[in-house]
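Given below, in the form of structure tokens, are the structures.
You will see chain A twice below: alongside chain B first, and alongside chain C after that.
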Partner chain A sequence: MNPFPASEYIIPLIFLLFAGATIGGALFAVFTKWIIRSVCGLATASVGLAGMFYFLHSPFLAMIQILIYIGAVCITIVFAIMLAEPDEPQDGYGLHSVPWNVGAGIVAVAVFWGVARLGVTGDWPTPAVRVSDGSVEMIGVALLTTQSLALEIVALILLVSILGALAVARKGRHIE
Partner chain B sequence: MNLLEIHQEPAVYLVLAAMLLAIGLFGFIRRNTLVGMLISGELIFGAAMLNLMAVNRFYAPDPTVGHVFVLFVMGLSAAEVAIALSIVIAVYRNYRSIRTSEISEMEG
Partner chain C sequence: MTAAEPIRLLLFLVGAATFVGLNAAYLVWVERKGAGRFQRRAGPTEVGYAGLLQPIADAGKLMSKQLIVPPGADRMLFRLAPVMMMPPAIMAFAILPFSEYLVGIDLNVGLIALFAFSSFNVIAVMLAGWSSRNKYGIISAARVVSQNVAYEIPMMLVIITILMLAGTLSLTGIVDQQAGAFWNWNLFALASNPLMPVTFIIFFVCMLSETNRAPFDMAEAESELVAGAYTEYAGMGFGVFFMAEYANIVIGCAIAVILFLGGWHSPVGVFPGVFWFLLKLYFMVFVVIWVRWTFPRTQFYGLLNLSWKILIPISIFTLLLSAVMIKLV
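And then the complex of A and B:
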């Protein structure tokens, strides 16, 4: 007799938990009226995405996802909300009219149906042989050898974006 | 589809990514403040990353390429957030609002 009944359900349950966090957080981020709650929904969705990455054999990206999305992106958005949002949203603030929402829903359902159908029915080829196992060591080696251009370009993009953000946000400070 | 092996099914991840993309698009059309649209854009970025990682895990001969690609996308989205939020701050200083309907005119 199995001393741990239902233990084989643990992994699917954790997977469903993370999948639910991804979709639920995203839905919450989209449907809530308060923009600060929307950020919380984005953070929840990011936790769920990190779990998805873990299930896709990539704990490194799961860590990076939490570091960047929750640690940097969400916090930055919260700062922007503190600086540029009204305290109390009135009714209908930040949202379009009802027909516009219906149109958005139709577009979203159409896109979901098309992309999901492509993903499910697509004829995806299974590779004959795996060149590497995708471990952190292999990622590090690849980043410094074959993929070093990508690393350099990301570094340049981040540098330029920081300088650009400083230049854009600084201008106009003393005008008032 | 066996429910116990649900985390080994590529279709599950692809449908999840499609759902995330659709939700992000819905929010992008629905919101009319700049920050709300930016959050929806981040959801779309997340959908792209999940899709890339799923294809990378199940169908790619060399999984490291997908990792590097997703890292690249994360760097891009972080840069995008920094730029977009600084623009939001600058717009708010000039217009005292970040609603898209009120900032539709430009001044040279």
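And then the complex of A and C:
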């Protein structure tokens, strides 16, 4: 079989695209002055991260990442911003606090250095038996056996919050 | 990796993009003709036979118009919003199974993937409204979020009801369980949930709301908000939103066909194929258009009341009912 032209470049290219989206989105979220643009950066980073999950053969996690982070978290954040924040960046915001910036920079570099060092030099044993392949079936079995208490508690919290919202909605809003 | 697979994907991508484009163009024609007939007038007649070339004239007009970014708008987000709207809509077509053989990628989590892609829709419309620096746009953005958050919940409860019946997230798997004649469709799965038709109606109402169609088109209620989030978009900027809206209608109707109406299976048990899928799909699209020109737009609090006070309690009840029935049967 003759391979598709340049097929050996497709996979590294896709990987670079997702890695670039993750890192670029994160940097964009941190460095911009407008908080609503930060949310867009967060959304971009989430898409990149979802791509990474897909790349690691876990489409379920990838889709859940998009569904939760873009469909729920980002929208909630933007909604909160709309209700609260004026969209003008304040003059000189973040420029006059040099000690804070330096301190934050030192902490960030230290954390990044620590994590990177752990990742590179740490001892990562590969399990002799492949425990789980991260498929939907395995996640489902795990959720209903070993993690069933956590699942039940989460389900209860969600049900209570829906019922609470229903109770508030049914009562209505009365101006006093 | 053999040559066939990337070429197949490329062809499917081109096919999906063409399908989206043609659908958007000709559903506008169908919508205008349909609106005309419902209101006892002719609709477009001038361009081509029965106005059939009207969409091409419209596309030419939209593409030749100047793109304007209003002063004071957030230029980057304003340009980004249409870009975020369109690709997820096209990506969803890679997952939709048109027939047993005509499916781009048969994901085993296809159903979740469809809802993941459709969640971009909300954030795109919201960014469009926010970045235009237009008060109608911002009101529309706030409306679109509260509407979509409210209707996502009964939609998901309905989906869970179907999933408990099917036991799989794969779209082809769900369709295959409905093979045979129409009484095997999930719509008529009365043995496992006697309220299944009600569930289907809840799904349909939520789908109308999620795609911002009348009577729930709060986001661009033209008599109140000019054009809502799209007010400041000129030319193809607006055109992209318009195309994505029709693409989302097609996707929503396709989900309804796959989940409830047996996908590509024939209602009488003979000749299954893509023909039946398209027939059911366009019947659903016709119903969507029919509803738009029949019912007046609801008020906004009526819209939220419908979801929180009626649809969510009923869908929780049907969910519990089908859980009990599955346990008992």
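In this text, the second predicted complex is superposed on the first by the 144 of 176 C-alpha atoms of A that agree within 3 Å, B and C clash if a C-alpha of one lies under 4 Å from a C-alpha of the other, contacts with A are read in each partner's own complex, and residues count from 1 in each chain.
Keep in mind that, in the parts below, contacts are C-beta pairs under 8 Å (C-beta built on N, C-alpha and C of every residue); 3 or more make two chains touch, one makes a residue touch a chain.
Because the structure is a prediction, the values reported are computed rather than measured.
Novice: For A:165, select first, second, both or neither according to whether it touches chain B, chain C, the two together, or no partner.
Specialist: Once the two structures are laid over each other on A, A:165 reaches both partners.
Novice: Given the touch rule stated above, what does A:59 touch, chain B (first), chain C (second), both, or neither?
Specialist: second
Novice: Quick one: classify A:70 as touching chain B (first), chain C (second), both or neither.
Specialist: After superposing on A, A:70 lies in contact with chain C but is clear of chain B.
Novice: Look at A:40 in the shared chain and tell me whether it touches chain B only, chain C only, both, or neither; answer first, second, both or neither.
Specialist: second
Novice: Could you figure out whether chain B or chain C reaches more residues of chain A?
Specialist: Residues of chain A touched, chain B against chain C: more for B.
Novice: On the A-aligned overlay, A:10 touches which partner chain: chain B = first, chain C = second, or both, or neither?
Specialist: second
Novice: Classify the contacts of A:23 with the two partner chains as first (chain B alone), second (chain C alone), both, or neither.
Specialist: first
Novice: For A:139, decide between first (touching chain B), second (touching chain C), both and neither.
Specialist: It touches chain B, and chain C stays clear.
Novice: Can you give me the overlap between the chain B contact set and the chain C contact set on chain A?
Specialist: On chain A, the residues that contact chain B in one structure and chain C in the other are 60, 64, 72, 79, 162, 165-166, 169.
Novice: Taking the complex as given, what residues does chain A use to touch chain B?
Specialist: That would be residues 8-9, 11-12, 15-16, 19, 22-23, 26-27, 29-30, 35, 38-39, 41-42, 45-46, 49, 52-53, 55-58, 60-61, 64-65, 68-69, 72-73, 76-77, 79-81, 83-85, 93-96, 100-101, 103-105, 107-109, 111-112, 115-116, 119-120, 124-134, 138-139, 141-143, 147, 150-151, 153-154, 157-158, 160-162, 164-166, 168-169, 171-173, 175 of chain A.
Novice: Please name which positions on chain C make contact with chain A in the complex.
Specialist: 1-3, 5-7, 74, 76-77, 80, 107-109, 112-113, 115-117, 119-120, 122-123, 126-127, 130, 138, 141-142, 145-146, 148-149, 152-153, 169, 304-305, 308-309, 312-313, 316
Novice: Of all residues in chain B, which touch chain A in the complex?
Specialist: 3-7, 10-27, 29-33, 35-36, 38-40, 42-43, 46, 49-51, 53-72, 74-83, 85-94, 98-99
Novice: Under the touch definition given earlier, write down the residues of chain A that touch chain C in their complex.
Specialist: 1-4, 7, 10, 34, 36-37, 40, 43, 59-60, 63-64, 66-67, 70-72, 74-75, 78-79, 82, 87, 135-136, 162, 165-166, 169-170
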